[in-house]
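Should a chain be cited, it is by its letter among A, B, C, D, E and F, assigned in written order, with residues numbered from 1 in that chain.
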Amino acid sequence: MSSLVSWILVGVGQALVIIGIFCDLAASIMMLRLPNFFARLHALTVGSVGGAFIPLIGAALIAAGCDFLGPYRWFMAGGAVVTAIIEYVLAGAGTHAIARAVYRAKAAPLKPIVADKLAEDRGGEER
Amino acid sequence: MDTEFVRVAYMIVVLSMYVNIGVSLYAALAKPNLVKKIIALTILGDSVNTFIILVGYRFWRPGVFLQPPVLTNLRPTSEVIRQFLEKAVDPIPQALVLTAIVINLAVTVFLATVALHMYRHFGTVNMDVVGRLKRYEVRKEMA
Amino acid sequence: MRSGRRWLRCVAPAIMAFVVYIVYTGAARLYDITTGAIAAVAVGALMGTLVVADWRKSLSIRRLGWLALYTLKYFFVHEVRAHAEMIRKCLGPKMDISPSIVRVPIRSRTGFGVTMVSIAITNTPGTVVVDLDEEKGVLYVHWLFTKTLVDSEAYREVAEDFDRYAQRVFE
Amino acid sequence: MLRDVAFAVTLVVFIVLLAVATGLGGLGPLPPPRLRPLAVNVLNTTYNPYYAARNFTADAPEAVTAVVWDYRGLDTVFETAVFYGAIIGALALYREVSKRVEESRPRGLSTIVKVSTAVMVVAIAAVGVSTAMHGQLTPGGGFQAGSIIAVAPVVLLVVFSKSFLEKAGVRYAKMVALRSAALVGIGLAALAVAIAAGAMGCWGYVLQNQPKPDAPLGYPPRALDVPSGGSLMVFNVLEMLAVAAGFTVVFLVLSTSEKLAKEEVVGEEHGY
Amino acid sequence: MMAVDIVMGLLAASALISVIATVLAVQARDLLKAVIFSALQSVAYTLMYFMLMAPDIVLVYAAVAVGIYPLILILLIKKVGRYEV
Amino acid sequence: MNLATWVTDFIVFSMPFYFAAFALYIARAIKGPTVPDMVLAVDALSYDLAAFLVLLGILFRAPIMIPCAIVLVLWVYALDIYMAKYFEAGEIGE
């Protein structure tokens, strides 16, 4: 019975890890393909949520299902969940922080862009 | 078990540690900028530490997963401890490096403060310029 | 009175620290619970005033329920949709991206509410919060697939769901 | 130009010489086929309830922490003192600057970063304390926990500002006092068994952890229901405080604004 | 047994990455880029320490080399200027 | 089928994809025309490396190696913050 539960946990976890791998590859290709810094920010989002948060949850489920890891597998599962939550919040905050700083310091080109309402409100010059 | 591949990979790792040590030594000696020197020194320290840990690694045996030197069974029998000895890596280089990293950090902090003071006195951290400035000062005092 | 309120403000961070401690430890032996309680009290006492502004909100069960519901909906609907759109459009043969920075006026005003909405927007691929104006309550969002430049429609597209739940959770 | 060529040639010769020495077996067979005898002894005795090994055991399943604070504990105590000395040396260059409190209006980063950092600091602190408290059971210990906990003030310093931290009570003098107190605590914990043994009229060693055949005193081997590693637990907690306070004070001093520092440095130069 | 090959291959790969990052960090004129390359080298070393079964070292090293060295260096660079002349 | 071999095989087969992703990230980190691009690449690399380290811990049967992942995530966030502060503020401690 418990082995069935283990298999289900491992299966769900593996599905999540596969999603994570797919997002990871997509993010890395986008990181190379997209034209400028502000577009690459979105690739980082795909990499940090789809490519790290989801496989971390999946890895936690796999670890919880793997009996052969011994009693410390709960340490691993709990640690992976905490890592995932911390990673989720900190990745969002970090992405926003660096986007704002780079926009203000004009450290990376903004073009091509359709419209820039922030520059309009700030009354800044066209970039 | 492909021992030839293992040997080659291990040699690659050792060689790249040597290259890192050499390159960072070169930068610490030849680059004039103090900040670059500090960066090179941190890389030098880390490479040496990695090399020490590498020496404490051990050969994989078939069917045995190496473990960190932490006993996970809190009620060990003598059989458990024997298996632990089969699997665990050498803890002593790790313990040495643990303190070495913190010492490296302390040295780096000290160097950073010294570099900052140097910048405040001379207005630059380029050692070539600092040397020229000091020569100029000395010549002015001699005259 | 004042000291009592200060004490209550430390409760929620202490509970959070305790939960993180136990989950991270992954075991509930007597030793873990004892040291966890001591550590939680210490951490809560040190950080309480930094994190919590109003203790009544921080201890409300109803708000936590909304947060859980919101989390589920967010991950199963919004994230999936946004990832699919991003991957479809950016890995296609020709990238049809049309980036712009749009105004998104939101209704949440508290620090936590704004933060939750912003992180939800940022962590949805396709939209990143670049800047915010706290007095007017406007987020400036870098939007990779611009559908509209009008403020109210952009709000409906980008932030409406997050904003509604954030108001329920934090206000 | 000539200098660069000379450096390049020296570099290549250096690397080739080291590689040849290693290839000829200067470090023995790499990777080593079996553990060295010293490591076997350490791993065998680090947590061993059987009588023959009990005389050497540290009663901690974590071999690295056991080596750091028990098998070569004296070395680590001196190392902590060296770290302390380096920090004091760095502070000595700033002796005037460090007393002054920054008056400038704090700006920091945006509200979003501030709030999420403030929430996460709680989690970071919990994780750090857990790492220290379980340092004798799972990977972790004083240095590790200290460097994890140091994330909290460092990130707060960067995200909020220096003056925010100072208003919140993280002051230079307080941190130095905490650091010194932790160092004194480490010294006392190292001497505790010897002092107690002296008071009770039996034999005792400095940095003694578990009872030895000729020295019957020692730290308790178990804390509640897990092995405590004896003195390792005490050392871990104190070292965590020491490392965290040390990092914090270093960054408080290093991030002094240039204006304030310039005033002091130039003032020194001109004698007022 | 595939695990040994994987471990050794990963070790060799991360060692090569660290060599690339070191060389780039040393030759970069922009000191900020040098800091980031040294962070990349630190991440490679972190992976190496993980493969070498040294979790304690990873805990200290990641904190020191990814978190504290960059802060010291960025503080310095902010004060002394970004470009190495 | 044995659970242990199944999980091991799964992780072993997932590795090449991770390596490919890491290689592309490193290419961006080396190429990156501006400094923020390089920061982004190192960030993404480290977040994914954290997930990969957890999987490696399962592969090695070493569950006690999980704290490595959490520490990596925490400190890479710190790197982000430093860079943001460098670009945004006049002084780091401001």
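The definition used in the following text is that a residue touches a chain if its C-beta (ideal position, glycine included) is under 8 Å from a C-beta of that chain, and two chains touch if they have at least 3 such contacts.
What you are looking at is a predicted structure, and each value in this text was computed from that prediction instead of being measured.
Following the contact convention of this document, D, F is the list of chains adjacent to both chain A and chain B.
Number of steps on the shortest path from chain B to chain D, with steps defined by chain touch: 1.
Think of each touching pair as a link: the shortest run of links from chain B to chain F has 1 of them. With B-E and E-F as the two chain pairs, more C-beta contacts join B-E. Separating the centre of chain C from that of chain F, both taken as means of CA atoms, is a distance of 23 Å. Taking each chain's centre as the mean of its C-alpha atoms, chain D lies 21 Å from chain E.
For the pair chain C and chain D, the distance between mean C-alpha positions equals 34 Å.
If each chain is reduced to the centroid of its CA atoms, chain C and chain E end up 32 Å from each other. Counting only residues that touch two or more partner chains, chain F has 35, 39, 60-65, 67-68, 70-71, 74-78, 81-86, 88, 91-92. Those residues of chain C in touch with two or more other chains are numbered 20, 24-25, 118-119, 129, 131.
Residue positions of chain E with contacts to 2 or more other chains are 3, 53, 55-56, 59-60, 63-64, 67-68, 71-72, 75, 77, 79. By the touch rule above, chain E contacts chain D in their complex via residues 55-56, 59-60, 63-64, 67-68, 71-72, 75, 79.
Across the complex, chain B meets chain E through its residues 1-2, 5-6, 9-10, 12-13, 16-17, 19-20, 23-24, 26-27, 31-36, 38-40, 42-43, 46-47, 49-50, 53-54, 56-57, 60, 62-63, 65-70, 89, 94, 97-98, 101-102, 104-105, 108-109, 112, 115-116, 119, 124-126.
Looking at the complex, you find that chain B touches chain F at residues 65-68, 70, 72. By the touch criterion stated above, chain B contacts chain D in their complex at residues 6, 10-11, 14-15, 18-19, 21-23, 25-26, 29-30, 54-59, 68-74, 76, 78, 81, 84-85, 88, 90-92, 94-95, 98-99, 101-103, 105-107, 109-110, 112-114, 116-117, 120-121.
On the chain F side of its complex with chain B, the touching residues are 60-65.
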